[in-house]
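Next come two complexes, and both contain chain A; in the first it sits with chain B, in the second with chain C.
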Partner chain A sequence: MNAIIVSTLLGVIMMFCSWGIKSQQVQKNIALIGLFILIIANLAQSSGWYVVDYDTKGMLTYSIFGLYANTLLFALTFIYVWINGEEIAKINNTSADFYSLFFFILCGISVLTSFDNLLMLFLGIEILSIPLYILTGADKKNMFSNEAALKYFLMGSFSTGILLLGITFIYGATGSFHLTAPVVSISTGFAQEQILLSTGLILLFAAMNFKVSAAPFHFWTPDVYDGAPTVFTSFMATIAKAAGFIAFINVFNTQYKALGYSWTLLLTFVILSTLLVGNIIAVFQRSVKRMLAYSSIAQAGFMLFALYGKSEISNESILLYAVVYSIATIGIFAVLVKMKENSFEAFNGLGKAHPLLAFATTVFLFSLAGIPLTGGFFAKYYMLSALLKAGAGLWLVLVAVVFAAISIYYYFKIIQAMYFTAGVPAINPLPNQYKYQLLTLAILLLVLGVFPNLLLNYLYF
Partner chain B sequence: MMLVSFLFLPVLAAILLLFIKNNKTAQWTAIFFSGLTLLVALQMLYTPMIDFNITWLPNLNTRFILHADGLSKILILLNAISFPAIFMATANNDYKNRNVFLSLLLFTQAGLMGVFLAGDALLFYFFWELALIPVYFLCSIWGGEKRVAVTFKFFIYTFLGSLLMLAGILFLNAHTGDHSFLISSFIHANLTGGQQVTAFALFFMAFAIKMPLFPLHTWQPDAYEQSPTAVTMVLSAVMVKMGLYGVIRWLMPLFPVAFMAHTHVVVILSVIGILYASFIAIRQDDIKRLIAYSSIAHIGLMNAALFTHTQIAIQGALIQLFSHGINVLGLWIVADMIEQQTGTRSMQQMGGLAKKQPTLAILLVGFALANIALPLTNSFAGEFLMFTGLFQFNPWMAACAGVSVVLAAIYTLNMVQKVAYGAISEKINTMHSPNKGAQAVLIILLIIVFVTGVYPQPLFSLTADTLQELFVK
Partner chain C sequence: MPIQYYIYFCLALFSIGVVGVLTRRNAIIVFMCIELMLNAVNLLLVAFSKMYNGLAVQNGVANTAGIDAQIFVFFIMVVAAAEVSIGLAIIVMMYRNTHSIDINFLNRLKN
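Showing the complex of A and B:
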């Protein structure tokens, strides 16, 4: 509750900031302070302090998991703004506008982590998506950015339509928007209602897959990620996507029982095709940015494991994966932003020219690939473990593992360019502070790589 | 606490080295710290070891457990001897950014120590990977012409293997009573026969790739040839032992049924590998490739011995783990000294070493004899026991594998003949007096070869407890 209200207020405040305050640096600092306040407000709710105590009639419920997910996603946004502030300012010289959009997205995220009603799900997704369409088209004079925004908007609206259709069917079958209702009615319902319910759930599933860019609903992802300004791609691929997953889990962790056996079948199909499409196409990319777009599809395949069934660690695993993946992706995009071009060759000789930066990049890539001593290892580990505990077959784990080995191929192409290929990296001049910021991220990943429970213990307070 | 110092000392040295830009100082720092590790290792032989056991990740039920029995000790000793020897022997080689090079090597040492000490499956997996990553950078930066592609093949091969092992670890963890990763609870995991076979296959893939077992060996000769020699020494003296170690420590106790069901398949594959590698070794002209193939043959024999599951063969393999490391290290150092001074690895262009550099030639002959397991050298005891066990297992297998002894004599003596005897070739003629440090190392290694050859009893008593645990239940 606190997060929803405070983020909206902050969004409005940020909107008016660009009137009075012209300095981009000050705008960034205000955004950072705002994020800090937001985190505090959210933490306050966990200890029982409300800005407004309002009865939502069961439309929103607050679990420890939801609140903690909020905290983590806000903290990630904080890191994101802290590192990318200067780059955001370069786009239109009005970073306050973008910051206010971020706050609105965070408002959507707060809804998505706490909804208990399909209408709130719809609202949350829309609040999240519309600012994203704007961010994609933020580079107004760039045709690619415009194209990407239009494409994203059209496809996004279409999937929203499907989402609404699904919700309507579910309502038709159960007479309620409440999440827990369908499971109850399935035992007493008539055959016709069951068909309506299953159709509704499948439509809902398809729409959610679109939002988290899982195959076969992934086609917008590479184009949009490629066309959008790189800083905003970074935000889309990490924080927005993680929120999508948390919403996905909220719906289907209670609902999948209604689909019975076909749920496993459906999900397995989506997971396999996502892993396949993401990993295989990423191998053939020439542009690092597009490679990262496909890699984000591949990583989504891994995150879908958390949906496979409810086990004691599925919540832990999605949070850990989302955080670790986001940190690494924010980091690698932050390096990419400074590159003059997006090709792999641009990284040639980076190891010699900027050893610290290259080291941080290596840690990010190791983490994405899931190599021990980086957070990525435990993220993947938790996912696979959750999968087994939810009763999946060992073969699915083996498939996942083989795809993880394939992912080494495209992640290590950057490492090979940085360290083993001589050349002059095509990189813009970097302030030292920027390097240290990235190094901090890398160290964070290394710490999570040895003690992942630092992050997870808070779930049990 | 002593066990922790095996991890702590190399890592400390590795971190220090990153800040030492001066080549000489860096070299001596590395030698000093690896020497210190060796002292601790020697001390370890005479003191009873207390497990190091602290909580690591309570959520996952995994602990940070270091445990040393005879098997661990003998490999730790080998590891601790190898690194100072390698640092001394390659002190005059020209490596750019020497401090980083040495630092990565020391990280590798720490990883290897961890593998040999870990008493918890997840910890074992952790170290298993960590030993590999510095090697990836070492080979890709300092290696030969085709280094990047070759190392990448090596990396993906072994990484896939270890990921399969990870799947196996997860699978076992799900079937243990207390959901922990301890060896003891893995041993008591509740598995049906079919499940045991699955888990066995997953673990064994990782070990077989690492050894490497025929037909998964294709990464090895290229990787050995393209790596800088210091790294090749680490790879062939210590790192391949990871696979064999894994078989003894994990496969045998964890999956007794599956293990016994697959003895024949694996022994046959090993024997094929032994013969195949020996025949290829005969045809090699490149001295590095010759040693690489000879090493595949020797490792194959050890693996075959393990899979006979006879007490006598495993006893032989346990001490051969150590002896093979010492021998192959000696051979590599000689080969490296020749290559550094003459700039060639082709045996065609060598010849007359005995006249030009008699000391070096004597040392070469010494290690060559050890390589063919002549009596009085250290390999004799081990190989004799392994062949006896193999004979008990199946006389035909023993006969086929026995051919490899003859073949080993052919290629090794052929090498000695080409390199040491004949007229002094142009290349050999350019050699000047060899570096004293390397020579001293070789002499010490040769002393070890003959002392443990004449009196192998200390090695037997060192590994007695492992053997007892495997066979007396």
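Showing the complex of A and C:
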């Protein structure tokens, strides 16, 4: 509750900042202070202090998992703004507008981590998506940005229609929007409740897959990620996506039981096709930005493993995976933003010209690929052990490992360009401070790679 | 009338919307088809709501049953209006740059 109220208020305050305050630096600092206040407000709720203590009549429930997910996603947004503030300022001359959109997205995220009713799921997804459509089209004069925005908008509202049809069918079969409603409480006079419920759940599943860009509903992702301004792609691919996964887990850990055995079959199909499409197409990309878009599809396949079975470890693993993946992706996009072009050749000789930056980039890529000593290794390890605990076959784990090995190929293409190809990197001048910020991120990943429990212990307080 | 009639009618409306989104080339018409999908869902929700209300009244339970679906309809209408405002802004922005609202414009990013 705290997070929802405070983030909305901060969003409105940021909107007024855009005509009260002219300095971009001050706007960024206000956003950072706002994010800090938001984190504090959310932590306060975890220890029982409310801004408004209001009975939501079962619309929202607050679990430790949801609150902690909030805290982590807010902290990631803090890191994101701290690193990318200057780049956001370059897109438009009032970056406060964008910060206010970020706060509205965070409001959507805090609904998505705590909903207990399908109405709140719908509202949360819309509060999250509508600002994202605007951010995609933020670069108004750029044709690619326009195209990506229109495409994202049309596809997004189409999937909203499917989501709503699914919700309606579930309502038709059960007579309630609550996630934990008893299936078919009163006799409704028509015999197809079970068909209606299954169809509804499948439609809901398809729409949620669309939001987290899992194959076969991934087709919008590469175009949208490619066309959007790089700083905002970084936000979409990390924080917004992680929130989508937490919502996904919230719905399907309670609802899917109606589907029984066919659920596992459906989920396995989606996971395998996501891993296949993401990893194989990423190998053939010539643009780093597009390669990262496909890699984010592939990583979504890994995150879907958390849906396989509800256990303590699958909750732990999705949080660890989301955080580690987000840090690494924010880092690699922050490097990409400074490049003059998006090709692999732009990275040639970066190792000689900027050793510190190249080191940080290497750590990010290692983490995405899941090499030991970086956070990515433990994220993948936890995910696979959750999978085994949920009773999946060993073959699924082996397939996942094979795909992780394939991903090493396209991540290492960048490392090869940086260290083993001579050339002059096509990079814009960098302030020293920026390098140290990225180095901090890399150190964070290395620390999580050795002590993943630093992050997870807080789940049990 | 049995509830099946409503389900089939709303599914037909929804399918018209889906087919429109998939086949039409004009961004505004695609947009109208999406609205049609949302309104088909609204209609179905109201029908289900009345069905549950009727059942509850028959069984002598509280007569507020099914009211949450009608509230959901209002939420869908509000969110759809918010989406329209963003969508039209995006279409206008595209029209200013290209002087066309043809969806065929949307394939430059492919290569």
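The working rule: the second predicted complex is superposed on the first by the 451 of 461 C-alpha atoms of A that agree within 3 Å, B and C clash if a C-alpha of one lies under 4 Å from a C-alpha of the other, contacts with A are read in each partner's own complex, and residues count from 1 in each chain.
Definition applied: a residue touches a chain if its C-beta (ideal position, glycine included) is under 8 Å from a C-beta of that chain, and two chains touch if they have at least 3 such contacts.
The structure displayed is predicted, hence computed values, not measured ones.
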Check your understanding: More chain A residues touched by chain B or by chain C?
Key -> C
Check your understanding: Given the touch rule stated above, what does A:316 touch, chain B (first), chain C (second), both, or neither?
Key -> first
Check your understanding: Does the superposition put A:360 against chain B (first), chain C (second), both, or neither?
Key -> neither
Point to revise | Which superposed partner A:147 touches (first chain B, second chain C, both, neither) | key: second
Practice item. Return first, second, both or neither, reflecting whether A:227 touches chain B, chain C, both chains, or no partner chain. Key: second
Check your understanding: Should A:164 be classified as contacting the first partner (chain B), the second (chain C), both, or neither?
Key -> second
Practice item. Considering only the touch criterion stated at the top, classify A:121 as touching first (chain B), second (chain C), both, or neither. Key: neither
Practice item. Please work out whether A:137 is in contact with chain B alone, chain C alone, both, or neither, and reply first, second, both or neither. Key: second
Check your understanding: Which residues of chain A touch chain B in their complex?
Key -> 313, 316, 366, 371-373, 377, 381, 384-385, 388-389, 394, 397-398, 401-402, 404-405, 408-409, 412, 416, 419-420, 451-453, 456-457
**Study point:** Touch list for chain C against partner chain A, complex
**Key:** 2-4, 7, 14, 17-18, 21, 27, 30-31, 34, 37-38, 40-41, 44-45, 48, 51-52, 55-56, 59, 65-66, 68-69, 71-72, 75-76, 79, 82-83, 86-87, 90-91, 93-94, 97-98, 103, 105-106, 108-110
Exercise for review: Sort out for me which residues of chain A touch chain C in the complex.
Suggested key: 119, 122-123, 126, 130, 133-134, 137, 140-141, 143-144, 146-151, 153-154, 157-158, 160-161, 164-165, 167-168, 171-172, 175-177, 186-190, 196, 223, 226-227
**Study point:** chain B residues within the chain A interface of the complex
**Key:** 57-60, 125-126, 129-130, 133, 137, 140-141, 147-148, 152, 155-156, 159-160, 163-164, 166-167, 170-171, 173-174, 198
